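Shared chain: subunit A. Partners: subunit B in the first complex, subunit C in the second.
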Partner chain A sequence: MTTIDAPRSPHTPATATRKVNWEKWGWIYMRASGILLVVLIFGHLFVNLFLGTGVRAIDFAFVAGKWASPFWKVWDVAMLWLALIHGGNGMRTVINDYAHGRGRTVLLVLVAASVIGLIVLGTLVLTTFDPCPAGAPGNLVPSFCPVNSK
Partner chain B sequence: MSDVAVARDSSSAMPEASIEPFTVTLIIRRFDPEVDAEPHWQDFDVKMYATDRVLDALHQVKWEQDGTLSFRRSCAHGVCGSDAMRINGRNRLACKTLIKDLDITKPIYIEAIKGLPLEKDLIVDMEPFFESYRAIQPFLIASDKPEKERIQSVAQRAVFDDTTKCILCAACTSSCPVFWTDGQYFGPAAIVNAHRFIFDSRDEGSQVRLDILNDKEGVWRCRTTFNCTEACPRGIEVTKAISDVKAAILRGNPGLPPSDLTLTPVSA
Partner chain C sequence: MWSWVLHRITGVAIFFFLLVHVLDTSLVRITPEGYNAVINTYKTPILGLGELALVAAIGFHALNGIRIILIDFWSVGTRHQKLLFWIVIALWIVLLAGFAPRQIINIIAEMS
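Our next item is the complex of A and B:
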């Protein structure tokens, strides 16, 4: 007796183990973060460059004043994370499209390292920023600090 | 009145003056794997009428000037999808591209479609293209036996009408910059043909095909450059079809319209 094989073997999806589909979530992230970034970046530009006396208002005191408010800290942290991951993911897709082999790995590691480095540094600055660190000499801190008003 | 007089006058002076053929220069990218290491450009002058097609120009070269020129064509009427080629940098069917629609003051550049292995002159190996076509299971998957009609409403049929027009000429897939990079991407044509069955209310394999296209090399590699829509000789909105599939994967189902048919027995 001969047995006849099934005419076609059914497709077994690669995602049978239900692991996370990074390509799909990357694609969704690009759309979602893109919409948020339009609001965040144009809001940032409007407040910094247009309101009040416009671009001439920007100095150390202006930035320190903004970061005294938790609202602008959250705004800037959100902008930092969303924009860097958005840009890093965009670079990743370009590298995946145009680089091959070892060069691809090297470029991907470089992009990941710079994204992580910038996010860590930026978040550190935004969360620990203090325009008037305690014990600093008056000539190194701005004029509005308590050490200079004495 | 005077127009008629002039026409009669010129026709009597020079018969058929208005339909004299003109010379068109073709610059064709030639490659003979037995002789050439690299493809090279070769130019031919052909006598053409405005109503002739690029395919007629190629025929004139092959039949009257250089019989070694190799290209595919079967029906020559835009149905079989054999003669997709890159004409002046755009993927077109040679049999649907009229000479009068091209700028004949300049030479016409003709080369094989890109991204598939070049075999000879304008002929490429289509096997990688058909491989990704087969991978999306382009056939009806239905559990019921074909004992009666599988009824479908007009609205249900309209959902995938556009993608039934594909002739598998590969003009779209070979115009896609993502497909050019490594050839791993499924390509627009495979997704169009998956769309044709995913959105067919009679088919039961939608989930399988959505899973296949949710792959790393599936629809997420589409960068919406619209090259495929621009290239399609059948006018299929390819990029829109790919976006439909993306949306269906995000929804988890094709989201077909419900059948609006009221199955009342026809009274005699």
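Our next item is the complex of A and C:
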């Protein structure tokens, strides 16, 4: 059990330890990432679901067109990391509130594994993406692809 | 209390959506045809309503998240927490009033 000092008690060994206070940094992270995510997610939803014909405009060529610009690649990779870590840390809070013992450990490991797995997958997809895959028909890929310039 | 319940439910729901959404987007790295086939299901009327619910959920979570941050850091935030809650609800209604017509037009266009 962690000991919690009485309110307003002076610095005692329990509060003055030199260890990193991970709970505090987690708390700060939830707020800092939250502010950045407001911009990143609302911008993402506005461009993908609101502008033009909204969701009906989305297909491979739409994504490839966006990722042709480093701006949207950086945007999406930042959103991927910030949102998954924010959501994963939030899920940890929720799990700690309701689950106990073995079940709690299993759930925490599942959340951590999904977060790490999807960050790795998403980052690889974004960094190795090819907007003009070999053999893909011209009508499915962006207009700037070589198949479309013949 | 209700703001906390809603913040928690929307946070968990968005997390599960995000797990699926990273997976479906990753199909762009496999084939254009595969990605298009899966993303086309997002355009069906049922998932069209799903997107509306998703925007409603993330809109509430984000606005209420800003409220939580203001309560934590703004000297008078705690005193005005109730007023801030009603501002969250008002901005949330404005957000949905902007997005719902766009989405409903899409759903109808997709059905006909």
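In this section, the second predicted complex is superposed on the first by the 113 of 150 C-alpha atoms of A that agree within 3 Å, B and C clash if a C-alpha of one lies under 4 Å from a C-alpha of the other, contacts with A are read in each partner's own complex, and residues count from 1 in each chain.
Just so it is clear, contacts are C-beta pairs under 8 Å (C-beta built on N, C-alpha and C of every residue); 3 or more make two chains touch, one makes a residue touch a chain.
Remember, predicted model here, so these are calculated numbers, not experimental data.
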Touching partner for A:Y98 - first (subunit B), second (subunit C), both, neither: first
Touching partner for A:G26 - first (subunit B), second (subunit C), both, neither: first
Subunit A: partner with more touched residues, subunit B or subunit C: C
Which of subunit B and subunit C A:D59 touches, first, second, both or neither: second
Residues of subunit A at both interfaces, subunit B in one complex, subunit C in the other: none
Interface residues, subunit A side, partner subunit C - complex: 31, 34-35, 37-38, 41-42, 45, 49-50, 53-56, 58-61, 63-64, 80, 83-84, 87-88, 90-91, 94, 114, 118, 121-122, 124-125, 128-129, 133, 136-137, 140-141
Residue ranges of subunit C in contact with subunit A within the complex: 8, 11-12, 14-15, 18-19, 22-23, 25-26, 28-29, 31-33, 35-36, 39-40, 42-43, 48, 51, 55, 58, 62, 65-66, 68-69, 72-73, 98-99, 102-103, 106, 109-110
Subunit A-touching residues of subunit B, taken from the complex the two chains share: 137, 177-178, 181-182, 208, 211-212, 214-216, 218, 220-221, 223, 246, 249-250
Residues of subunit A that touch subunit B when the two form their complex: 10-11, 13-15, 21, 23-24, 26-28, 93, 97-98, 100
